[in-house]
Structure formats: C-alpha cells, structure tokens
Amino acid sequence: MAAAGKATRPPIKVAVLGGSGYIGGEALRLLLGHPYVQVGAVTSAAHAGQPVTSIHPHLNKLTELTFVADVEPEEAGEYDAIFLALPHGGAMQHVPTMLTAAQSGGPQGNGPILIDLSGDFRIKDAALFQRYYGLEHSAPQLASAAAYGLTEWNREAIKEARLVASPGCFPTGALLALTPLARAGLLDGPVIVDSKTGSSGSGKEPGEGTHHPTRANDFRAYGLFTHRHQPEIAQELAKWLPAQKAAPTVTFTPHSAPMVRGIFTTAYAFPERKVSAGELRDIYEEAYATEFFVRLVDAPRVAVVAHSNFCDLSVATDGEGTIIATSAIDNLVKGGAGQAVQNLNVVFGWPETLGLTFPGTMP
Amino acid sequence: MAAAGKATRPPIKVAVLGGSGYIGGEALRLLLGHPYVQVGAVTSAAHAGQPVTSIHPHLNKLTELTFVADVEPEEAGEYDAIFLALPHGGAMQHVPTMLTAAQSGGPQGNGPILIDLSGDFRIKDAALFQRYYGLEHSAPQLASAAAYGLTEWNREAIKEARLVASPGCFPTGALLALTPLARAGLLDGPVIVDSKTGSSGSGKEPGEGTHHPTRANDFRAYGLFTHRHQPEIAQELAKWLPAQKAAPTVTFTPHSAPMVRGIFTTAYAFPERKVSAGELRDIYEEAYATEFFVRLVDAPRVAVVAHSNFCDLSVATDGEGTIIATSAIDNLVKGGAGQAVQNLNVVFGWPETLGLTFPGTMP
Amino acid sequence: MAAAGKATRPPIKVAVLGGSGYIGGEALRLLLGHPYVQVGAVTSAAHAGQPVTSIHPHLNKLTELTFVADVEPEEAGEYDAIFLALPHGGAMQHVPTMLTAAQSGGPQGNGPILIDLSGDFRIKDAALFQRYYGLEHSAPQLASAAAYGLTEWNREAIKEARLVASPGCFPTGALLALTPLARAGLLDGPVIVDSKTGSSGSGKEPGEGTHHPTRANDFRAYGLFTHRHQPEIAQELAKWLPAQKAAPTVTFTPHSAPMVRGIFTTAYAFPERKVSAGELRDIYEEAYATEFFVRLVDAPRVAVVAHSNFCDLSVATDGEGTIIATSAIDNLVKGGAGQAVQNLNVVFGWPETLGLTFPGTMP
Amino acid sequence: MAAAGKATRPPIKVAVLGGSGYIGGEALRLLLGHPYVQVGAVTSAAHAGQPVTSIHPHLNKLTELTFVADVEPEEAGEYDAIFLALPHGGAMQHVPTMLTAAQSGGPQGNGPILIDLSGDFRIKDAALFQRYYGLEHSAPQLASAAAYGLTEWNREAIKEARLVASPGCFPTGALLALTPLARAGLLDGPVIVDSKTGSSGSGKEPGEGTHHPTRANDFRAYGLFTHRHQPEIAQELAKWLPAQKAAPTVTFTPHSAPMVRGIFTTAYAFPERKVSAGELRDIYEEAYATEFFVRLVDAPRVAVVAHSNFCDLSVATDGEGTIIATSAIDNLVKGGAGQAVQNLNVVFGWPETLGLTFPGTMP
C-alpha cells in the first residue's frame, strides 16, 4: 500500500547536503511530506551507499533513497533548491562553485536556490565570523549578499534571494522575542537573552554533554559571553534600532536543559522610557498580527510547540522599567529545518505554510 | 495568513465526542490535518463554551472550534462519522440511540459511522466485560456486532461496519506481535505479554502514578493478572488459532515506564513445535508484506515510532522452543487515534494511509 | 539484622511537623541518619495512625514510626528541636504557643529549637508578607525575631535563635550567588535572578504543572514579577549593601525545568564600576574560603549537587560591566531540609557538617 | 570546616582499581563514607595525575586523592582490601599476581581481600565464559575458587573468601527474585527474566545507546538470547534446584529504559505444581526474614530503591500455574558497588549494613 495525499502538481526537485545529522534529517522529513517537493538526492560522505533509513529509521516506508557522497557543482542545476545541512565551514566550500556552475534549475531556471542551515553565511562581518567560528571565511562577499532567513522579519529579501542563511536556533527564539522591542526603540539599556535548549541541539554525535546518565537530570550554563549565536543576535537586532539609538550590549547565556526538543528564551530589557503592559501588548500584536507561525500567548511552553514550526511568545513588564519577553520554539523545526522550508515556500511564491501546518504533539 | 494544502474535494463532516482528553485531542489533531475531513463539533461536558485551544494549546491557529456540551442523538445524522473518546461506560450510553436516531450522514447516507475509542465495545463476552470493567453492559448485542478495529487483521469487517471498536493501546502492540504466531499454530504453550507504557496512557488527569517527581525516574509493574486489556488480547488471539488448538493462557503484565509516548511489548511464546528463525521470518513477512504501517525491523524502538502510526516489529528465537516477538507503537496514535483514523479511511473506501503518512519525529 | 553506625552519644529528640510532604520527608530522612538525633514524632493530619513508610516507602526498614495527628503545645517541651514542614500559614499557628508553653527540651533546657521550613517567618515586613502570601500574619513580631536560616551568611544569629526561618529554595541559590556582590557594592544596577527548578519543588500533590505527560518534555516560565521568593531575595540582599547604596530592583523569574531535583540560578548584575574577572574571583574566594558546603567551580551543574547539601557556584564577567553568577543546589536539601539540619547543628554547637557529608550521586 | 562523623576506630586501607568509571566512582563514594575505611589509592590509566574530583565532581570537598596509574602487585599488601572496577578482562590480569605477591594486609594479615566488580570471575565454566565474553580466561581456577558475591545467598562462602566476584547488575535483581522459587522446586518450567535497566548501566563512555536525544524518550530490547548475564543467572539458580530437578531454560531479555538509575525485573515461572499466593508469600518471607536489604513489598518501584542498597521484591500468582516475581534495585549500588561494600563488611566481620544504611532519595 502506497502513501497517499500528495498533490498532483509537478514537484520541484530538491537535494539535501549533509543529510545524516539531525537538521538534515528534519529537512528530509519535512521535504518528504511537502506537497510540491520531490527529494532527489541526500548526501552523506560517511554513509554513501547506505539507505537513508539506516540512519533515519523513522523514515522507513517513506523513502527509498540511498545516501550519495556529494552533489557536484555541475550537478547543482538538476535541482531547484538545495538544502545545505553541513557542519560549519562546509557550506562555504560548496556554495560559491554551485552558484557559479549551475545555469538551470530554480524558480527562474538560472540555478537552484541554496538554503544553508549552517552558520557560514549568517554573520555579515567576516572578522566577527572568524573570531566566533575560528575559521577564515572563504566567501565573505556571499555572506554579505545572503538573505538572513528569519522569515517573519526578512521576507522581502528572502523572496529575491539565491542564497538564504537560515538562522541559528537560539537567534530564532531570541529575535522573534526581541525584534518588536528593537523597532519600538526599547532596547536602549542592557539586553539579556537567557536561553535553555534541549539536547537535540548538540547534534547526532554522542558526547559528554549529551550522555544520558548525566544529562537526564542535569541543568547547566555554558559558553558564557562566548557563544557564536551572540553576534548573530546582536547583528539582527541592530537592523531595527531607531536611527539615533546606539546598539545595546546583548548578553547571551545558553543553558543545557534535560529535554530533547525545544528552546525557551527569557529575554530582559531595561528601556529608559517606562512602558505599560498595554502598550507592550499593542507593539507585539501589531508586529505579529498577520503571522501564522507566531502566536502571542499568556505563557509560552516548549511542550506546546515541540515538533511544530510555531513560535509562542509572551511579553510582560513590572511597569517600572523591566520588560521580560519569553518565547518557545522547537529548535530543529522553527529553529532549523522548518524555517528553512518556510523560506523555500517564500522563494517559490507558494503559500508560506505549505507542508508546515502540522501542530505540536502535546503530550 | 491561512493554512494551506487541504484538498478541494468536499469533505465529510466529523464530530469528536469527549474531545478534551488525550485520545480525543489526538483524534482532533489528526482529523484537522486530514484532507477529506471537516471537524464539525467537539464535545466536552466540563469545558463547553471554551475554545478547544484553551485545553489543546498546540492546536492554536489550527482550529477556531469551541467545545459544545454534547451531540444529541437526533443531531447525529448531521455527521458522516463520530469519534467517541469518552470515558469507559460513556459510549454505551450514546451509541445505541445514535444508531437508531440517525437516518442520514455516513458513507451510505443512512447514518454516521461510529468509531469508539473506549473499551465499551471491544469485549464480546458481556460477563467478561462486567468482570474487568466493573460495569454492566447496557448494549451487549452491539458489542457483539461491533467490528474490532485492529485494521491489519480485521479490515474486511471494518469496511462493512456501522460501529468500530478501536482496540486498546496495549492490545494493538500485543496483537500485531502475536497474531502471526496464532495463525501459524505456535501459541500452544504459555504466552506472556510484558508491556511497557509511557505516561500519556494514563490520560490527562493528574494522579499519583503520573506525578512527575516520582514518575520521571521510576519503573514499576501494575495490574498483575487483572488488567482489562488481558481479556481483549486473549479474545482476539483466539480468533486465529487452528481449529484443534486450545486457547492458550495469556499472561499480560503492564509496566509504567518513565517516558511520555509509546508502548514497547515483549511477547514470549513456547510452542510445542520448534521453529527456526528463518521460518519465523517467513511467517511475519507473509503476514505483513502489504501493510504500510507495520515494519519488520531488527530491533523495534519506541523513539522511532513515537508520534507516528507505525508499528515496528521483530521476532527472534533461540531455536530451542522459545520465541520472542517485540513491537513498538505510539500508544495515542497507532494505539489510539491514528488507528481510528485508519479505520475511518477503510470505511469510507479511501486510501488507508490518508492523513497518516507522517513519520515519527526522531529525535 | 539492625542498621549499624549510629554514635553512642545520647541523642537529642526531634519532632517533624508535617512529615508527609517532600520537605518533611527529606527532613525525616536526614534526621534518621543523623548520629546525634532521635526522631520522636512525625505528624500528619491526613495520615495519622499510618506507618510513616506508607507514605515514604524508601524509608522502609529505617523507621518504625507511625504518623501522629499533631504535637500539642504542651508536649513541645518533650523535644529538643521541632522541624515544622507545614503548609504556608501552618507554622504561624503553632510556633507562638509552642514557644510560650514549652519550658523544657532544647539546648538550654528552656524549650525546643523551632526550625520552620515554610515561608511564615522569612519575610520581616508583615505588609509585604500579606501581599505575597495572601495571609495576614498572626505573629509578626516573631517573624521579626526569627533568625533567617541561610547558614553561611547568618551563622551568628542562628546560634542564638529559638526560631529559625529556613530559607526558600530559590532564595538559597540566589543569595549564595549574589551576596558576595552585594557586600562588594556591586549590586547598584538592575539585578536579574533567572532560576530553573525541578518538579519536586512543587510538592507532593499532583497537579497540572507536574503531570508527567506534559512536564517531562516541557520548559516554561511562571510567576513573572509576582513570585513570593522575590521579596525574600531582595530583603536578604539589602542587608549587605554598603551604607550609601540604594537597594537594587531585583527581578526574579522562576522556570519549570523537566527534571526532578535541583535549582539552577543564573544571576545578572550590572554594576556601575567595572570589575575584572580576577577581582571577582577574589571576592568569591574570600566569601566562601571556609565554607564546606559552598564550592567554587568552573561551571555548576545540577547533576553534580543533586541529593547533596552542596551549592556549586561560579562567577564570570565580560569585563564590560556585566557579571553573571551561577549556582546549582538541590532544592530539597541545601534549598530545604539539608540546610535545616545544618542549622540544627549550628544551634546545638555540633560540627556543622554532621549528618550532611554525603555527596551527590552522579550519575 | 572539616567533615564530621567518622568513627575513631583505626580504619582499614582500601584501593580502588579502575576508579574513573561509574562503578568505580560509586565504590569510591561509598568507601569515602564508610566509618571503618580509609581509601588509600584510586587508579586510572587515562587520568593518572589528575584529581579524582576532575572526573567525579560530586566528590569535591570529600577527597583530595589524585588518580594513580596502577597499584603494582608488590604494593597490594599495603591494602586490606582492593576493589577492582576494571573493564572485563582487566581483573584477570591483576588478581593472580596480587594474590601471590601480597603477604600482608587483609583481615588475616596474609594479603588483601580482592573484590572484583567485573565479570571476570563470575562464570565458573571457562568455556561458557569464553563464549559469552569473547575472551579466553587466563585464570580459570580462580574463577572456580572465587566466592560469588550475592551476599544474601552466599554469605558463608564470602566470609572465607580471598576473592569475591561481585554479581552483575541484572543477575542481582533476577537472583534475589528467583532463588526462593529455585529452592522450593518451582523452577521446573520455562523461566523468563524480562529486565529493564537505566542508562548508567552502560557506563561512562558516551555512545549511540546512551545519546540523550534518542535515549530520553526511547524504550528497546537488546541482546536477545545472547546477553552475558544469562549464563550467570542460570549458573546461580542451578545451585538451589532440588536434586531431582533438571536445570530450567532461562530466557533473559534486557531492555533499555529511559531512566538513569535502576533495574526492574519481571520474572515468570510456570511450575508443574500449582501453588497458592499464600504459600508463595511464606516461601519469600522465610527466605528473607532476616535480611536487612531485601524488602518484601506490594509493588516494587525503581524510584523507591534508587541510590540505595535495598532490593524491593514482590511475588504473585494467578493460582493457575503462573508465578510473577518482580524486583527493583539500583544497578550501581545493590547491583554494583553497594553490594561490594556489603561483602567487604561480611569479610571483615563487621555489621553487614555498615556504611550502607542510607535510604533511597524519593522523589
């Protein structure tokens, strides 16, 4: 018995580079269920020749694909879109040649859309990239040109992009929570982003930090003042600051929580001007009134958004100058592969929710 | 922005009775995503008048429905199918009058299909029902007439049914694991079903057994020799025994595991005739060759099937007369609402996988 | 075979009031293992007449005690110390009459030491107490007189106390992290206490927030700007501020993490004066040099301190005016019953670590 | 401030070989808290020269020891007891030379007691050892001579032993559950041991099976018919069978449960003779009447025994020939280091509970 329910429209052809990890696996899972997409290739250097389901057993019966070692630049034109889920540093090797070599595929027929899920093209400042990623950037001009893929706040640029830099998981939660404040000129004091992530954010490779016996009942902070998502958050917030405002110091503290999926962000701002709860609510409602995937709620919860592309948001104030904005996302979906598919939909001019309307699976 | 991707076919209209619990919520979630279904009503006596999303916040943006107190028998004909997710004893109050009163709706236009997710119509023997459920059955003839909704093994009867008794979560895992052995005459010794369930099987109401501080790191057995799923397993296995074989004693031991979703079943059989691993494999491959939702694998895992309608199965033997069949399902999907939707598809003659092809979400 | 290892010294006699909850149970567990203590009575209105082990099965073989309904004021003198683990509002009913009625017991023979584990005597300002606890205080003068039981910072007052108000779990973690900064005059900007707690902090009664199916994979904030531990933290920090400094605004945000034991606190300070990492380290090393239960470490982890009376602490700065102090404790031990026993040791002049030197149980 | 509460008796000196793993760490933790023991050396080839607390941070403040590379055979006599927590195959290299070389230390002054926590000396049949462990045994005569360290059932032999082979974690739970049935002649049908373990049983090295993202919500079986604890269980049960009874086939199925600590065992027996629940209870009460660490309870739970040396046990029957015995232990304590310390107490003639009377830490 075959799976049913796919649309009859001729699908676009998509490749996933680096398909054996968690983000690549999620991209694959979502693309397999997307009504307008056919997955043409999934790469894995380590697992070339093996069935995709040997690494992603949950996809058994849903795909017969076998990992291939790589998609060569000259083959790139066979695809309309290419998702890159390679380790940091991998995308910057592939992207320039693919952009040059491919003359077919894609929405305009002049080459595939590249959607990069790594950190390679997120940071516009090459020196900052090198400092935080420990790598010299080999294509800094492409980093500058790439559209930052936070769909809700960069939709127009994404529509026109050949290269989309999908945001990091922490920045997605932080920026959806804080951008309305930045636009409203309310980030003129210290800004704190205190985030808590599930273990899937550490990826597929077992390590000390994700060893079940010590992770399961643990909680800890890490990367104080040094995490590479800090400059990404600061860069994107700065875009929205009123002209006269200096960029705030953004302190970002990630924590390891003993769950698998999800990021919860508690963001604090101390604007010079006191705002009321009512004004804050108006700011957020105006910001997200037409957004399907952002839901303003009383109290965001990771369990409510897990496995979905939704971001639940809340904002509160004591009325004395302290604002707390909280958000919950699934780190691999809205904070990863789901948002990448959302961007695919934007680039191809499809309804933005296509293939992404599944809710979380609470409990 | 509205959700996209629904088919343009005129949908059938479905009601969910008892929609505030976990099984009702899962039915609602799956039906909202089903391309041929429109959910017309969701009932909850306790929450009538409240938005469905006040209880199921993960469905926020996906439904505007409000709970209604009940669907009256005379209204039943407005629906093509009614899912009953009421507490045990509730369905037997609703079903007889609905079947009598409704003259419209349903695939033949003579009344809706009733798909009951409770235990009310699973046990054919009224005395046995009373012993295990502590209730006198008010419609024993309907229990006899209801089609037992284990789709893979009762598809023909389900096709013709007005009333489908969806299986219990434990029996689904146990019967998919053991029915091939029953048919092959290999259940002529003691049969043990040792099952391990996640906490969502206990439902939405907080209680001692699902209190996080003591459940999270706990493991325990319960209901030894007395669980109500034992007679259900025994009844359904007995259907398949070769004529000359006596019904085996089935010992069923459920356990509480510290996970949320899933049931893992380890079933042991000691047939008089020794069978080889190869013969066993052939028996299972023949049994499930054309089944989409049953996957024969090396080692079933709950994490692989969680949130999906798949059942992963394995069988092994020491060659000395001991057979171990193991299975993994999601208790709320294949062991609950997913299988109910699968039956809906069967009754309406649609592809059986419609609305159910989503994989698990590993990790 | 009997348990071995108790000292031969004549023990003091202790009663535990409210011994059926988690904090009472932990107090009982620790007192049963204390070499100089004999537990004379454990009360529970709901479980009077039942063996203590019917509620605390882990204590089976370690005590033969049966719950009694109450210890009457006139009986208080039979005990040298009384631990009160009653719901908020309960201690203030018992304490005044016990202090008046009891003329014997205790280290001076003039009445037992009362160690209260509730919030009744922590807040010195009766109006503030009423605002946060929703109760009028019936013995405000005793709240003023009670020694606040944060042992490391109030040891001298505890030594002389008849009534010790054991700190709340969140304040313990927050105050151990922040008091050195307060003393150093570094809390003159906004202060944020972002805390993450395990589910055992919610107590023994099952409820929505501790229902395993939704707690196990969840993360959420609660009580923004309104939690009753906020005034407790602010009150105790204010004691240490240099004379000329105004009390800072302390923002306290508790979160529910999907673990059972432990509190992780991330505290942020923005002093006017920039301090170096080296100066900060000196401040903390000086503060805790002689403290057994406070360990300065690189990165505190809940798993390392769980089930122990230790508090692991760390402090960091970006050198640009932001300080982050993090701490990890077990909420029921250092944040509850363990610290209460530590105070018992102080009051009786015993080595402070007596009965408390067990480490955590990692993994 | 120093830790208090140690006895004033001159302690024996103990070394722990292989002290960086979980079992070695637990042995160290328990020995540090033992009133008659001084830990003299802890070895780790990989971590020689590092403080023990760099690997076991929970022991910070409780020991100043530094790992040494090894204890040479000629140094063995400096210790009264040596715990070997080496990988399988390691103990058999050390033990023979240590037994020969050491002429001092130990209870009789003729060499230290060796307590081996690996599988090296558990299996008496060298061929069976080789088959299950994949190693040729280099000291099979010592395996024959070693006392099997299941204290409750082998106390007399342990008292006289120079070498104690501490049982495996699964066998401890299985044998405490089944030995009373073996002695009563009730294991003359198939015997099934269905066990569920926490992740700490897999040890300290991260791997696929203990990777938090997939372990946390998973459940699976492994090692069907091939696990090395099967022959250990069968060997020890066979000791107790009535003379005329043939050894039963013992089927052992381990499962990975998503918890950290603990093993729950569900054991099934089908004796030829039907026994009543009352007779069964008598059999177990007689077996364990004087045992401190074995508690007969209604329903064993892992959470109740976790972090303790207790084994909670229950037995039930349908009265029709099926018996279910269930047990719960902590795999690292009663199933590992705790039982090893219990054996130390036996060998040295101390109260058997010394240093082991701490209860579990529920919640």
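Per-chain residue numbering starts at 1, and chain names A, B, C and D are given in the order in which the chains are listed.
By definition in this document, a contact is a pair of C-beta atoms (placed from the backbone, for glycine too) under 8 Å apart; a residue touches a chain by one contact, two chains touch by 3 or more.
None of these values were measured; they are calculated from a predicted model.
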Practice item. Moving only from a chain to one it touches, give the least number of moves from chain C to chain D. Key: 1
Point to revise | Farthest chain (mean CA position) relative to chain C | key: B
Check your understanding: For chain A and chain D, what's the span in angstrom between their mean Cα positions?
Key -> 47
Point to revise | Intercentroid distance (Cα basis), chain C paired with chain A, Å | key: 41
Point to revise | Distance between the centres, which are taken as Cα means, of chain B and chain A, whole angstrom | key: 36
Exercise for review: Specify, in ascending order, the residues of chain C that touch 2 or more different other chains.
Suggested key: 22, 199-200, 213, 215-217, 258-261, 301, 362-363
Practice item. Could you tell me which shape the graph of touching chains takes: line, ring, star, complete or other? Key: complete
**Study point:** Footprint of chain A on chain C - complex, ascending
**Key:** 189-190, 192, 194, 196, 213-222, 224-225, 249, 251, 253, 255, 257-262, 264, 266, 268, 270, 299-303, 306, 316-318, 320-322, 324, 326, 328, 362-363
Point to revise | Interface residues, chain A side, partner chain B - complex | key: 1-5, 7, 22, 25, 29, 32-33, 35, 56-62, 199-200, 217, 260-261, 290-292, 295, 297, 301, 304-305, 307-308, 310, 312, 332, 350-355, 357-363
Study note, to complete from the structure: Per the touch rule, the chain C residues reaching chain B in their complex are 22, 198-200, 202, 204, 206-208, 210-213, 215-217, 258-260
